[in-house]
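Working notes, beginning with the structure itself.
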Amino acid sequence: MARKSILTVLMTAAAMPFCVSAQATDLEVTHWWTSGGEAAAVAELAKAFDATGNHWVDGAIAGSGGVARPIMISRITGGDPMGATQFNHGRQAEELVEAGLMRDLTDIAEAGKWKEVVNPPSLLDSCTLDGKIYCVPINIHSQQWLWLNNDVFKKAGLEVPKNWNEFAAAAPKLEEAGIVPLAMGQQPWQTSLAFQVLLVAVAGPDTYNKVYGDKDAELAASDALAPVFEAAVQARDMSKKSNVQNWNDATSMVITGKAAGQIMGDWAQGEFQIAGQTAGKEYTCLPGLGMNEVIQTGGDAFYFPKVDDAAINEAQGVLANVMMSPETQVAFNLKKGSLPVRGDVDLTAANDCMRKGLDILAKGNIIQAPDQMMSADSVQQINDLFVEFFNDPSISAKDVQTRFAAIVADAE
Amino acid sequence: MAVTARPARWHRNLSAKIAAIPMIATALVVFVGGTAWTVVYSFTNSKLLPREKFVGLDQYERLWGSAKWLISIQNLAIYGAFSLVFALVVGFLLAALLDQKIRFEDTFRTIFLYPFALSFIVTGLAWQWILNPDFGIQAVVRGMGFESFTFDPLYNPDIVIYGVLIAGLWHETGLIMCLMLAGLRGIDEDIWKAARVDGIPMWKTYLYIVIPMMRGIFVTAVVLIASGIIKVYDLIVAQTGGGPGISSEVPAKYVYDAMFLSQNLGQGFAASTMMLLSVIIVVVPWAYLEFGGKARRV
Amino acid sequence: MSDTVTMKGKPLTYSAAETDPAVPRHAGSAVAVGPSGSKPQKKLSRRNIVLYGVLILAALYYLLPLYVMVITSVKGMPEIRLGNIFSPPVEVTFAPWVKAWSEACTGLNCDGLSRGFLNSVQILVPSVILSIIIASVNGYALANWKFKGGEVFFTILIVGAFIPYQVMIYPIVILLREVGLYGSLTGLIIVHTIFGMPILTLLFRNYFASMPEELFKAARVDGAGFWQIYFRIMLPMSLPIFVVAIILQVTGIWNDFLFGVIFTKPDLYPMTVQLNNIVNSTQGVIEYNVNMAATILTGLVPLCVYFVSGKLFVRGIAAGAVKG
C-alpha cells in the first residue's frame, strides 16, 4: 500500500494525469451487505469495478445502521476515510456533506447525464445539496407490501384477501384455526414500518406526505387520521401471538403457514424465493396493502469521501460510473431483489411482484421514505414509540396518536 | 536558582512520578478531557457531527421527558442492585465452597470461570436461546407433560430484566469467585486455628474475621461489577435488543442509540453526562474515603 | 443457590472418595458456606453431600449454555429446526465448524473466521503486554511510593472505569487524529491500554498494598531504588495478580469489537468482526449451527488461556500467599 501511494505521488508530481488512469488502484468500499443475497449483489458491483482494471477492497460490516454507521463516520471524521461507502439514501450523510468531507460528484453526474436517466428524479434530489450531487443512488427498495400465504386462507375456508380490511376481517377465523393472523418481528424499525405502511395505505399518499414531509402536526392529531391508528390497534391484536424478533423469522412464519401474513418490504420476497415459492401461486403480494398502490423510493446510495490522492479520486469516479451503468444496474438489482434507479433498463427476468413494483413506478405513484424527509432523530423517536405501542396493549389508539403528533410537531 | 531551593521536595519519589506519567496523562487528557468535552457538547444540538450550537438545557429536558430513558434508569437500578448482591454473595459462596479442600477443585473452578472468557454477545445469544419459550426450557418442560408450565422471561415485559440478569450473573460470577478465592487463600491458617480453638462457629469466622480481612478484594470486586453494570450494553443488544417493546432498555444503550441510530450526539451526550454525574456523586466520595488521604498502606 | 434445591440433590458418587470424620454442626443451615477451609474431611457426611450437591448444581448452571452451543454446532439445520435444543445430535456433522472457520462470508471475502485470527493475535499480544506493564507500575507507584496527587489521579481513573466506552468514541477519534495515530495498530494498542488501565491499576495497587510492608522497608534500608524494588521484590511475588490481569485483558481485548473496528482498517480487523458478520447478517436463513461453531471458535483463545492459566493461578496463589 505504502509503496503504491509513493508511486502515485511520483506520478502525479510528474504531471502525467493520463498515466494515473492506467494505474490499477485499490479502492476500499465499506457497506453493510453481508447476507447471501446481498453479498451476491455486491459481488456484481465488485466484478464490474474490477473489470475496469481497478481493485475493489471489500470492507463489509454486518448489522446495518447501529453497528456499521459509527465505524464509517469515525473513519471519515478521523481523517482516514475509505474510498467509498454505503449509506441509506436520505439524510443520514447530510452533515458529512455540509462539513465538506464528501466529494462533489456533479461533474461526473453531468457527464453521465444522470438527471435524464435516473427515474424517479426524486432519487437524485436526495443526493443533492445546494445544487450539487454528492451520492450515487443504486437501487430502490419499497416497504409498502403485504405478504400473504395463500394456502392458509384456503385451509381456513377463506378467500385470499385483496386488501387490508378483508385481511383484518378474516383474522378471527384464522385465529380459530390456530394461525397467527399477522407475523411481526419486534424490532423497533419493523413496528414503525408497519405503522407508516398502514398510514399511507389507509389515509393515502397525500396525507402521508403532509405528515412526514410537511410535518403537519395538526393533521397528525386530527380525527381524519384516527382510522390509521385504529388499524394499528387491529394490527397489534392480530400479531399478539407473534413471538419473533427478526423480520426474516416473521417471514418464515408466513412461509411455513404458522402465520397468514406480514407487512414487510420487498426484500421479503427473497425469502419466498429461497423457500422455492412463486408469487401468485403459494403467496400473494399486495403493494400498498391493496388499498393505495404506491411504493416508496428509498434505497441505498454510495458516497465518496474527499481523499487527497489523485489515483483514488480517479478510481472513485470510475466506480461512480460503474454503479450507474445500465449493465451493473440490472445485474445488481436482480440479485438484490430491488428495483433499478434507471428507467431505461430492461428487466425481463423480474418476477411478478417486482413487475407490480415496476408498474407502479412507471405510473409515478411514488412517495419518499421517511428517512428522506425526516432526520434520523425523528425517525428513531417514531421507532421507539411504535415498538412500545406494539408491545403494550394498554396504549390506546388515542394515546399513540397524541404522542405521534407530538413527535411530528418537534420533527425537523 | 529557585531550582536549587526545591529539589528535595520534587526529586523525592521522582522515579515514581515518572513511572506514573502514563496514568496521569490518561486521567487528565482522556478521562477528564474527554468528559469535559462530552459535557460541553451536551449543551449543543449536535447531530451527526459535534458542532457548537448551544441550546441550553434543551437536551436534558427532552431526556427527562423520554419514556425510554426513564425505563432505562429503572432497569439499571433493578439490574444493578441484584447483580451486585448476587455476584458478591454467589461469588463468595462458591469460593468458600472451593476452599474446603475438595476434590476436583480445578475442574469446578474452570467450569465456574469459563463463561467469563466468552463475550457478552455470545452470552446473550446463548441465553436467548435457552430462554426462548418455543424451543428452550419452557418447551422442554412442557414436552415432559407439564403443559401449563410457563417460563418466558425474555418475552414478558414485567420480568425481562431478570432474564437478562440470569445471563449477566452466569458471565461474571466466575471471575468474582476467582478473586474471592485468591483472597481466601491469602488468609493465614493461624486465624482459622485460633477461631477453632476459641470455639467460634464457622459462619461467624467468615463474617466477622475473614471478610473484613478481604476488604481490598471486595473493593476490587465491587468496582469490577459496578463498572460492568453501568456499561451493560452488548448483553442487552444480543439477548433482547431492548425489548419486548422498550422494557429492557438500559442507559448505555440509550446513549448509543441516540448517538448513532438517531444521529443526535447532543442527546447522547446529555444522557452520558447524567450517567457520569450519578457515578461521580456515588463514586467520588467513596473513592476519596477509600483511597484518599491515606498513607502507603491501605 | 437455594438451599432447598440442594437438599434434593443426592451426589453420593463423589463423597465416597473422601476420608476422615468430624461432622460440622450446621451443614444444612441456610447459609451454605459451611465449614472452614482447614478442617479435615470425612466420608459421605451431610457436609459433603451439601457441599458437592451445591457445587454440582452450580456447575450444571454454568455448563448448560456451553452444552447447548456445542451440540447445536454439530447438528445439521433440519435437525435444529425440528428438535429441542437440549437433545443430543442424532447425526454429528462438523460441516458447520469448517464453514465457520474457512467458508462463511464476510461481504465478498468467503474465508470465514480464519481471516481475522492473525489480526486478533497481532492486536492482542502487544495490547495485553503494554497495558499490564503500565498498570502494574502504576499500582506499584501508588501503593508503595505515595506521591502528592497520586490519589487524585487514581480517583479520576476509577471514575473513568465507569464511563461507557461508546461515550468516549468521539473524543478518542479526535485525539488520535490530532496525534496522527488514527487508523494504525499503535493507536488501537494505546486505546486498549487506556481503557484497561483503571481496573488493572486498582488490582495491582490493592495487591501490592497487601504485601508485607517489612519487605519494602528492608529493601529501602538496603538502598534499593524504585525500579530495583519493583523488579527484584515485587514482580517475583506477583504471579497470581498478573494471571488475573492477563485473564481480564485477554478476555476484554480478544472479545472487543467496537474499538477493533473503529480504530483500524479492514486489513487489521479482528476476528470479532467476522463473528459479528456471521451472527448478525439479517437476511437469509439463520444458520444456528454455524453461528454456534463460530462463537465457540472465537472464544477458544481466551478459553485456552483460562485452562492454561488455571494451573498457574493455583500455583501462583500458593507462591504468592505469603502471610501478611
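Just so it is clear, A, B and C label the chains in written order, and each chain counts residues from 1 on its own.
Basically, a residue touches a chain if its C-beta (ideal position, glycine included) is under 8 Å from a C-beta of that chain, and two chains touch if they have at least 3 such contacts.
Protein identities per chain, from UniProt: A = Probable sugar-binding periplasmic protein; B = Sugar ABC transporter permease.
What you are looking at is a predicted structure, and each value in this text was computed from that prediction instead of being measured.
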| item | value |
| --- | --- |
| Most distant chain from chain B, judged by the mean position of its C-alpha atoms | A |
| Chain pair with the higher count of C-beta pairs in contact (B-C, A-B) | B-C |
| Inter-chain centre distance, chain A versus chain C - centres from mean C-alpha coordinates, in Å | 40 |
| Centre-of-Cα separation between chain B and chain A, whole angstrom | 38 |
| Between chain C and chain B, distance of the C-alpha-averaged centres to the nearest whole Å | 14 |
| Touching two or more other chains - residues of chain B | 256, 259-260 |
| Two or more partner chains touched - positions in chain A | 70, 77 |
| Residues of chain C engaged with two or more neighbouring chains | 169, 276, 279 |
| Chain C partner contacts - residues on chain A that touch it in the complex | 28, 30-31, 33-39, 42-43, 46, 56-64, 67, 70-71, 74-75, 77-80, 246-249, 252, 267, 270-271, 274 |
| Parts of chain C lying in touch with chain B, wherever the complex brings them together | 1, 14, 17-18, 24-26, 29, 31-39, 41, 51-52, 54-55, 58-59, 61-66, 68-69, 72, 84-86, 134, 137-138, 140-147, 150-172, 175, 193-194, 197-199, 201-203, 206-207, 209-210, 213, 225-227, 240-241, 244, 247-248, 251, 255, 257, 272, 275-276, 279, 288, 291, 295, 298-299, 302-303, 305-307, 310-311, 313-314, 317-318, 320-321, 323-324 |
| Complex interface listing, chain B residues touching chain C | 12-13, 15-17, 19-20, 22-24, 26-35, 37-38, 50, 90, 93-94, 96-106, 108-123, 125-127, 129-130, 135-136, 139-140, 143, 170, 174-175, 178-179, 181-182, 184-190, 192-193, 195-196, 201-203, 205-206, 216-217, 219-220, 223-224, 226-227, 230-231, 233, 251-252, 255-256, 259-260, 265, 268-269, 272, 275-276, 279-280, 283-284, 287-288, 291-298 |
| Residue ranges of chain A touching chain B (in the complex, touch as defined) | 65-66, 69-70, 73, 77, 92-96, 99, 186-188, 243, 245, 375-377, 379-381, 384, 387-392 |
| Residue numbers on chain C that touch chain A, as the complex places them | 105-109, 169, 173-174, 176-177, 182-183, 261-263, 265-266, 273, 276-286 |
